[in-house]
Amino acid sequence: MLREITLGQYYPANSVLHSLDPRVKLFGTLVYIITLFSFDNVPLFAMILIALIGVIKLSKVPFSFMVKGLRSIIMLLVIAGLFNMFLTPGITLVELGPLKITDVGLINAIKMTSRMVMLIIGTSVMTLTTTPNQLTAGLEKSLGFLSKFGAAINVDFHVHDIAMIMSIALRFIPVLIEETDKIMKAQMARGADFETGGLVKKATNMVPLLVPLFVSAFRRATDLAYAMEARCYNGGEGRTKMRPLTYTSLDQRAYICLFMYIILFYAVKAVL
Amino acid sequence: MAIIRSKDLVHEYIRRDEAGNVESIQTALDHVDLEVEPGQFISILGHNGSGKSTFAKHINALLTPSEGVLWVDGMNTSDDEYTFAVRQTAGMVFQNPDNQIIASVVDEDVAFAPENMGVPSDEIVQRVEKALKMVGMYKYRSHSPNKLSGGQKQRVAIAGVMAMQPKCIILDEPTAMLDPDGRAEVLRAVHDLNREKGITVILITHYMEEVVDSDFVYVMEKGKVIMKGKPRDIFTQVDELKSHGLDVPQVTMLAHELRKSGVPLPECILTRQELVASLAKIKNGGHE
Amino acid sequence: MNDNILIMDHVSYKYSPDTAYEVKALDDVSLTIKKGEFIGIIGHTGSGKSTLVQHLNGLMRATEGHIYFNGQDIYDKDYDIRSLRTQVGMVFQYPEHQLFETTVFKDVQFGPKNQGLDEKEQIKRAYEALTLVKLPDEFYLASPFELSGGQKRRAAIAGVIAMKPSVLILDEPTAGLDPRGRDEILGLISDMHEKRGDTVILVSHSMEDVANYVDRIIVMDNGRPAYDGAPKDVFSHYKELEKMGLAAPQVTYVMNDLKAQGFDVDTSATTVEEAKEEILKMLGR
């Protein structure tokens, strides 16, 4: 059940998107999110949708794989959608007892759910086509200016350390999810109950799950620290990269596409 | 010259209370003398808590001696100046396959050590390819480690060490968490490295079957080396091994039991071919 | 009274059913397990052995087929699956990873507490279980995280035994232990079987461990039982076992080698002791 979370997982394939520089993808995702939250009419929405579908096609990641990531938050989406639908004032369309569906509410609900769904699918396109290491390398490089700026004013922003922490966290998320599953089963075999009871009872019932999980995470951290030291890890200084980030003509073309998308989007927004 | 040499090596784990006063001292290594020649395949046997893992960490300069000296390729591991040189000379593979893979893609993980060492990018690519081919994992280079079997993960970990181009590789119970298939895979890879690339191997284990093909075996208990010799010499001492909580391969055990019942078998039987041949000789000899 | 304690009737389990990724982890398995049996389930990784045992206490639910415990279908709507889990005790691989309480004793009490027993009974159960696993009593009030590897494992096994299950399943109980720890744990399990007459199911990939203790071996391959019988009968198929990535105990090979050389021996020995007797007989001593 927990294993079905796809957010933050990499899907190996050989596509244009996979071979793009992570910085391009980071920038692209940023642009996508900004446009996603600033559309206010149907043509703009259609434009974003077409762009998303195009990118998904380019990624060669099966669509079903991306949708799987949605399953875990479907309840959240439904609740948020319902709240919007019933609690927004406007012209009443349908009346269900004390609850009213208004026109503005309906539009808001659709807007908000589609935004959430597209936000999750869009960001998972990035994580599915970029290895966590590339992603952190991209972040590290993109935030490189912070290090330089920090050096000038004598503050260490630990950009490399943060990038390293991120990549390790991403590496161990699936491992810890599997572990959670295992410990949960083991405690259930001892009669533990993770499902019934009120909020307080549920929270106390989590103790037999959380304590072993923390213990295991600490044990792994100790092991990992040794393993990293044994392989000569000594912070970011003097480190080289197997695949240093360099822009190719493909990345240039991607940047051009992105800028064209931005211009087109805001042109349409201004006109309509 | 010996590639690894320890002299009177002592390691004490000191526990202190909150005020910093010594609460207890536990001697994990107690005057260990050991010598490994380049190209040898050495095994260190012992059960949990015998000090064998502590010793392994010393060879990698993850721990330094409380007393005594340890030289790796002539470098004193207590000397901070050599720490990284020591780690590059004697690479280390750990027990838990999951907890030593740092990256989320196989080849990026193998690149981790050379990246730390500041090796130029194009050379890293070559090293990674070479290291992955050595352990037969090249075709998995763009896989996620999470999808690999335990044996495959351990081979990736070995490749990660080989990418440093070490002279020696130390494996601390690399098979303890694997199934029989995985165990065989890892041992095959390690023996290949030793035979074909001349890499010195130090295998730390509690599985007896794994040390049969070593050049030399050390048995440790309570921080001391209690037995050492060629596998054949060690395995003939069945009762002594048993008394230290170690077991012997079933065939050796059977030969030992038969000898105790008066069957005149030779003293050093390790394989079933040897046992069957000896029994046949006795049986046929009896008829004549 | 029926002495079949567990029955699996045409049980199948599929991962991601009806998709391209469908994997049959269990393929039409029918088995009966009798009260008091000591069974070894062997198979290589991915053969379905762990999936099989997780069905027996309802932690996994079959996609097809039925499972009966004491004659009752565990998939019946009003069947109490949580109570089944305490009656079919399951010790997972590396069980020490499930320890969480502040003291060993409290941790062992966790199972009985979940069964709804009163405190006095919980304490009695925990004490009995800890005695059974032979954990020295100076550790009862220690933190479980201060114990050694072998002791932790014993404490964790006690945590399951304390529920007094009538069937005890152990998934690779010796994984990662050294020979001394392994012998201790296997000795303990076999003692419990003998003294208490529990039904015990031991999942393992070590043939030699299994051959020394159990009365019946089930070999899993590709999600179905390939062989099911006494160790002697199962190991006589050693050539087929090899093809499944398994091997018979070394002594079985020795006996077969002797036979192949034309000696008149019975090849069914599966332990060192049996092989010794047989060889002595062959030599006429």
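Each chain carries a letter (A, B and C) given by its place in the written order, and its residues are counted from 1.
Quick note on the criterion: a contact is a pair of C-beta atoms (placed from the backbone, for glycine too) under 8 Å apart; a residue touches a chain by one contact, two chains touch by 3 or more.
Please read these numbers as outputs of a predicted model, since none were measured by experiment.
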Checklist outcome for this item: Of A-B and A-C, the pair with more C-beta contacts is A-B
Checklist entry - By CA centroid distance, what chain is farthest from chain B? => result A
Next on the checklist: Centroid of chain B to centroid of chain C, CA atoms only: how many Å?
Outcome noted: 30
Checklist entry - Taking each chain's centre as its mean C-alpha position, how far apart are chain A and chain C in Å? => result 42
Checklist entry - Okay, in this complex, where on chain C does chain A touch? => result 54, 57, 59, 82, 85-86, 89-90, 92, 95, 97-100, 110-111, 114-115, 145, 159-160, 163
Checklist outcome for this item: Counting only contacts in the complex, chain B reaches chain C at residues 47-49, 149-150, 176-177, 179-182, 206, 208, 245-247, 249-251, 253-254, 257-258, 261-263, 272-273, 275-276, 279-280, 282-283, 286
Checklist outcome for this item: Residue positions on chain C within touch of chain B in the complex are 44-45, 148-150, 175-181, 183, 205-206, 208, 245-247, 249-251, 253-254, 257-258, 261, 263, 272-273, 275-276, 279-280, 282-285
Checklist outcome for this item: Counting only contacts in the complex, chain B reaches chain A at residues 57, 60, 62, 84, 87-88, 91-92, 94, 96, 98-105, 107-108, 111-121, 124-125, 128, 142-146, 160-161, 164
Item to check | Complex contacts: residues of chain A adjacent to chain C | outcome: 179, 182-183, 185-193, 207-208, 211-212, 215-216
